[in-house]
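Lettered A, B, C and D in written order, each chain numbered from 1.
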Amino acid sequence: MIKYIATVAEKEYEIEIVDEHHVIIGNRLYEIDLASVSEQAVYSLLVDNQSYEIYTYPGDSENLQVFVLGRMYDVRVEDERERRLRAQAGSTVAAGGEYHLKAPMPGLVVNIPVQEGQMVEKGQVLLILESMKMQNELKSPRAGKVSRIRVKPGESVEQRTTLLSVI
Amino acid sequence: MFKKILVANRGEIAVRILRACRELGVESVAVFSEADRQSLHVRYADEAYLLGPAPARDSYLRIDRLIDIARACGADAIHPGYGFLAEREDFAQACEEANITFIGPRPSAIAAMGDKAVARATVTKAGVPIVPGTEGEGSLTDDELLALAPKIGFPLLIKATAGGGGKGMRLVTSLEEMPALLQAARREAEAAFGDGNVYLEKLIEGARHIEFQILADQYGNVIHLGERECSLQRRHQKLVEESPSPIVDDDLRRRMGDVAVKAAQAVKYVNAGTIEFLLDKDRNFYFLEMNTRLQVEHPITEMVTGIDIVMEQIRIARGRQLTYTQDDIRFNGAAIECRINAEDPYNDFIPSTGKIVHITTPTGPGVRIDTGVYPGFEVTPYYDPLIAKLIVWGETRGQAILRMRRALEEFRIIGVRTNIPFHQTLMDSHRFMGGQYDTRFVEERFSMQNAENDKAFRPEIAALIATLITHRQIERAAQIVQRNERDTSNWKWVGRWERMHR
Amino acid sequence: MFKKILVANRGEIAVRILRACRELGVESVAVFSEADRQSLHVRYADEAYLLGPAPARDSYLRIDRLIDIARACGADAIHPGYGFLAEREDFAQACEEANITFIGPRPSAIAAMGDKAVARATVTKAGVPIVPGTEGEGSLTDDELLALAPKIGFPLLIKATAGGGGKGMRLVTSLEEMPALLQAARREAEAAFGDGNVYLEKLIEGARHIEFQILADQYGNVIHLGERECSLQRRHQKLVEESPSPIVDDDLRRRMGDVAVKAAQAVKYVNAGTIEFLLDKDRNFYFLEMNTRLQVEHPITEMVTGIDIVMEQIRIARGRQLTYTQDDIRFNGAAIECRINAEDPYNDFIPSTGKIVHITTPTGPGVRIDTGVYPGFEVTPYYDPLIAKLIVWGETRGQAILRMRRALEEFRIIGVRTNIPFHQTLMDSHRFMGGQYDTRFVEERFSMQNAENDKAFRPEIAALIATLITHRQIERAAQIVQRNERDTSNWKWVGRWERMHR
Amino acid sequence: MIKYIATVAEKEYEIEIVDEHHVIIGNRLYEIDLASVSEQAVYSLLVDNQSYEIYTYPGDSENLQVFVLGRMYDVRVEDERERRLRAQAGSTVAAGGEYHLKAPMPGLVVNIPVQEGQMVEKGQVLLILESMKMQNELKSPRAGKVSRIRVKPGESVEQRTTLLSVI
């Protein structure tokens, strides 16, 4: 029996896989039936005969984005061992390190309203990228200092190009 | 009828127009950029011609290429769709000169409605109310503005003539505070645009965007097909439209419809067009602008009137009289359109590109989809993010909302992010259900995160499915490792050979 | 309203009913056989329960299991759909005994209309005309039959009481030839079925199959929603239906509708039902039978009346009064349905099974699809071959036909064979366009091969594409061979090792 | 330049592939553009800017079934060499040999109205197979003698099971 810890919106769920058709969540046993629909990221899940249709996308880092009943959930799944390791390493891992702003889609760099060395707030606009006739503001996910700008206004960039970094 | 129509557009609207051609028995010609070879409009047309590279200026905006192709293939009419060249006077003119019918208004009508100051002046002369203000009246001094302000009424806005994006804009609630605010606005406009000119505009509080669909033939017959409520917008992009508007009653519809017809007549309008109004809390309405083309949201009008607007456009362009009089128009039930965009509602609505790997389309009673995509289609960054329009009809507005909810639930597009979750959250909001929203609702009073305590909030199901998927992946990985261990026969021989020669 | 409805069916009709539940805000329960775990109806329902193995007798026909599941999950109503248990008196009875509302007529009405002889007798008493004949009158002697024949009128048919499939059937055009034909028919029936009994039935020449949709509430209110023309059949399976019928005018519609209402009242009918008539060349009509359930082709009636029949069924079962009176019913435009079956029209309509790998769905104005399949769905041999219903609406019948043509052109289902080419050929036939067809048209006067001289006949394009595909395959095979030549490093080592040890 | 002969409804088309965008049919040069849509058997073909959407199924033996503009065409494609070989071998190849009737779908054998050794006409019913609630008559594609019956009424058969043979 394998035990996982799934975290959704900072709440943790202990989930044990008993066999192909049974799981224990918390202390309750559920009967489940999981079917993958048309070999894509679409699943049909029956949980005690409640029917859920679910689709998923890879999320940031290790997380999985799950869509169910019209809502999106960001889920991190760990087994007990991973969990212990992470606990020992301390919980500051996620917040530290350099953040690399990557182009979420191909586009044209229109404006970079920050400079190297500048301090930025969480949510502050770092770069404006034009794609699909729209100007898209790319914002900083956290406070920090702009460490390096790798593109110039007027430049066309491919998807996932690193645009600048925040330290 | 025309022999052959060239559709100078792409995406869902090109497909929409091609369908009308087919149903009228007219031959159809598609044009495409290098990025669109596999698009539905190329596949559905009788003929298809390459325009040029992906960027619109090298393809869909190339008037010269379009006219050349139309001439070469013998098309006797061009439908411009919306966007691209649809409201370009020079394109309509070029068609006329090439002796090809432009399916739309005359160049003069496009020009008259294209310049906002001219449009305001023209319709005002015809007795159409406009948002009170001084726009289009040239550069006015502070003294002149202060004299005009009480006539417009407070609250009002000071706006930069050159500007946009809120720069140089000030809200004025009384005459007393106005001189200081004028100074500040001019300073800011000067700094931002190098032009300190400003104008005044009455602030329409709780404004709703209501537009009327117009049909006009070449013989002076003009009718309207009722209104569309388009207040649900984000960054001036419409997201959801409905017909009828939840707040327009028969009397207001008649009055606004009459004015809309008058506005169209003021420019001797021919073909389909749309008069946009702002409606304030006290049910006063003001002319905003006229769109001299087919509108993205025309299907909701088709659903409630039963009239095929694109077919009517083609018939009108051919010189036919309108098939209907105003008395023939009946409004039946309620229709809603959700614009499905390739963008991530959880990440600031950033556009999403990529290959669509799977689509489950909602179907069944009262559901219509207009789209140009299919499984395997590549969403590119070159064009706008609209990938589908989901339109539902119901006997009542309530039924239409419930139907839209179930249709959104059924809709799966995998491979690019879409704003379907946004629409789902919106359809669940009490303000939308109550019809209580204005043009600022989505940006100012709506959140994707506000629905966490209803029965659709099931984080434990999300936790469970993520765990099951992770578990399966781990199991599969283990199997692959095992298979690889078994599948090393060749290498054993190689290893043996190596050992022997060590 | 009901709290929870169990849908005792599968495929497109289960999905159709689940959608109505969802739009009414009622919780829904799906049931499924082992072959249907991945079906849309399982995915769209709020709850889903396994019934048993794939064969219907072990799953969808298991009354005991269905009642147990309904009880266990707290469903307060069951919708039977069509087929399976929809017209089984014992199922309606079992629901009643379990205190679960059966969304359909009372068991007594199912029974009364289920036995053809009883049904004929019942409606005759109510003044409804039936096809003249002696069916249901027991075993008659030759003398009795010869005496009755002139009253029925010639031409008439001798048919075997026990039989079917044309065995023991004889066409009689005059009294003189009848004794010999009676002998022959009895001999053949005796040989085929071990029962020499025969009956007489008037031959309806050029018969058309016209049916009327009925709605009846528990308070004696009965209305009809107009007719459906269902003459296009093959082996007694309807293939295409349209509403209105091209040959029924207002007067005939009123007369037939009145009779249909009378027939339903004769059995105190409640809920939705259909009265089937034969209509002869002289516009005489005869009651054929009553279907005491929702009909496959109900959507065309929904398209022309705007009424959601499944929602009405649920409201009626809940004890509501009819939302409409006969005067409220307006017929707007024309609708056509094509039944898309997984079968090969070029190979005797043999059913086709397999995995659907790709679907392009026709959408856009006036198009509705009801289906239970999607890309990745496996069509199994256990159930009927109907995989989708393509329904279109047009302002006129002509427009509906043109729209159906373009929708069929757009429809691609890859992975199983479908009868889409049959429908395309039919929509192009002059007889269909002229509305000139009867129940024998498809089998006797229609061919898939009769359209070879029109502009859609393009064998050179077929030749070209087949050549290009072949050419590409050859090129690809050549590349693979080349790659393999390069990719043999391991084997070289092995070969070297082998040579050394020879 | 490779030359093919495609045969449709007993008419032959000589097709030369000039390059990726040009072919010669008969004596005429055509500009073509072939695109495979969504990696399935669906193609978009432009021939001198005429747009055709086409899908294909494998046909009997070597043939390809092609659907274009709502019609089905059975096409045999050969290159010149194959064609010469077949001409030398004589044209009786297709007609000869044993014909094996295979189940076109899984189903239940309901009736076999012929016996071993019996002579049958082209189009005569050889076997009735029930599937999808329908009784399907499987007919002989040519005249001949029933050589061997491999199934019995009441038997369930898988798709492509050989049911009987005609010689």
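The criterion applied here is as follows: a residue touches a chain if its C-beta (ideal position, glycine included) is under 8 Å from a C-beta of that chain, and two chains touch if they have at least 3 such contacts.
For clarity, every value in this text was computed on a predicted model and none was experimentally measured.
> By that same contact rule, can you tell me which chains touch chain C and chain D alike?
Chains touching both chain C and chain D: B.
> Report which of A-C and A-B is connected by more C-beta pairs in contact.
A-B
> With chain centres taken as the means of their Cα atoms, state the distance from chain B to chain D in Å.
Roughly 48 Å separates the two chain centres.
> Chain A to chain B: how many Å between their CA centres?
30
> Quick one: chain B and chain C, Cα centre-to-centre, how many Å?
That gives a centre separation of 40 Å.
> Residues of chain A that contact two or more other chains, please.
38, 40, 53 - these are the residues of chain A that touch more than one other chain.
> By residue number and range, which residues of chain B touch two or more other chains?
Only 44, 358, 360, 374-375, 409 qualify.
> Touching chain C in the complex: which residues of chain D?
So the residues of chain D in touch with chain C come to 2, 4, 6-9, 11, 13, 15, 17, 23, 25, 30, 32, 34, 38, 40-43, 45, 47, 52-57, 64, 66-73, 75, 77, 104-107, 131-134, 136-139, 159.
> Which stretch or stretches of chain B touch chain A in the complex?
The contact residues of chain B facing chain A are 235, 342, 344, 346-348, 350-353, 357-358, 360, 381-385, 408-409, 412, 414, 417, 420-421, 424-425, 428, 451, 456-471.
> Which residues, counting only chain D, touch chain B once they are in their complex?
33, 35, 37-40, 44, 46, 49-51, 53
> Touching chain A in the complex: which residues of chain C?
30, 37-38, 42-49, 73, 374-377
> Report the residues of chain C in contact with chain B in the complex, numbered from low to high.
Its residues touching chain B are 15-16, 19-20, 22-25, 44, 299, 302, 306-308, 332-333, 358, 360-361, 363-371, 374-375, 395, 399, 402-403, 405-406, 409-410, 490-491, 493-494, 496-497, 500.
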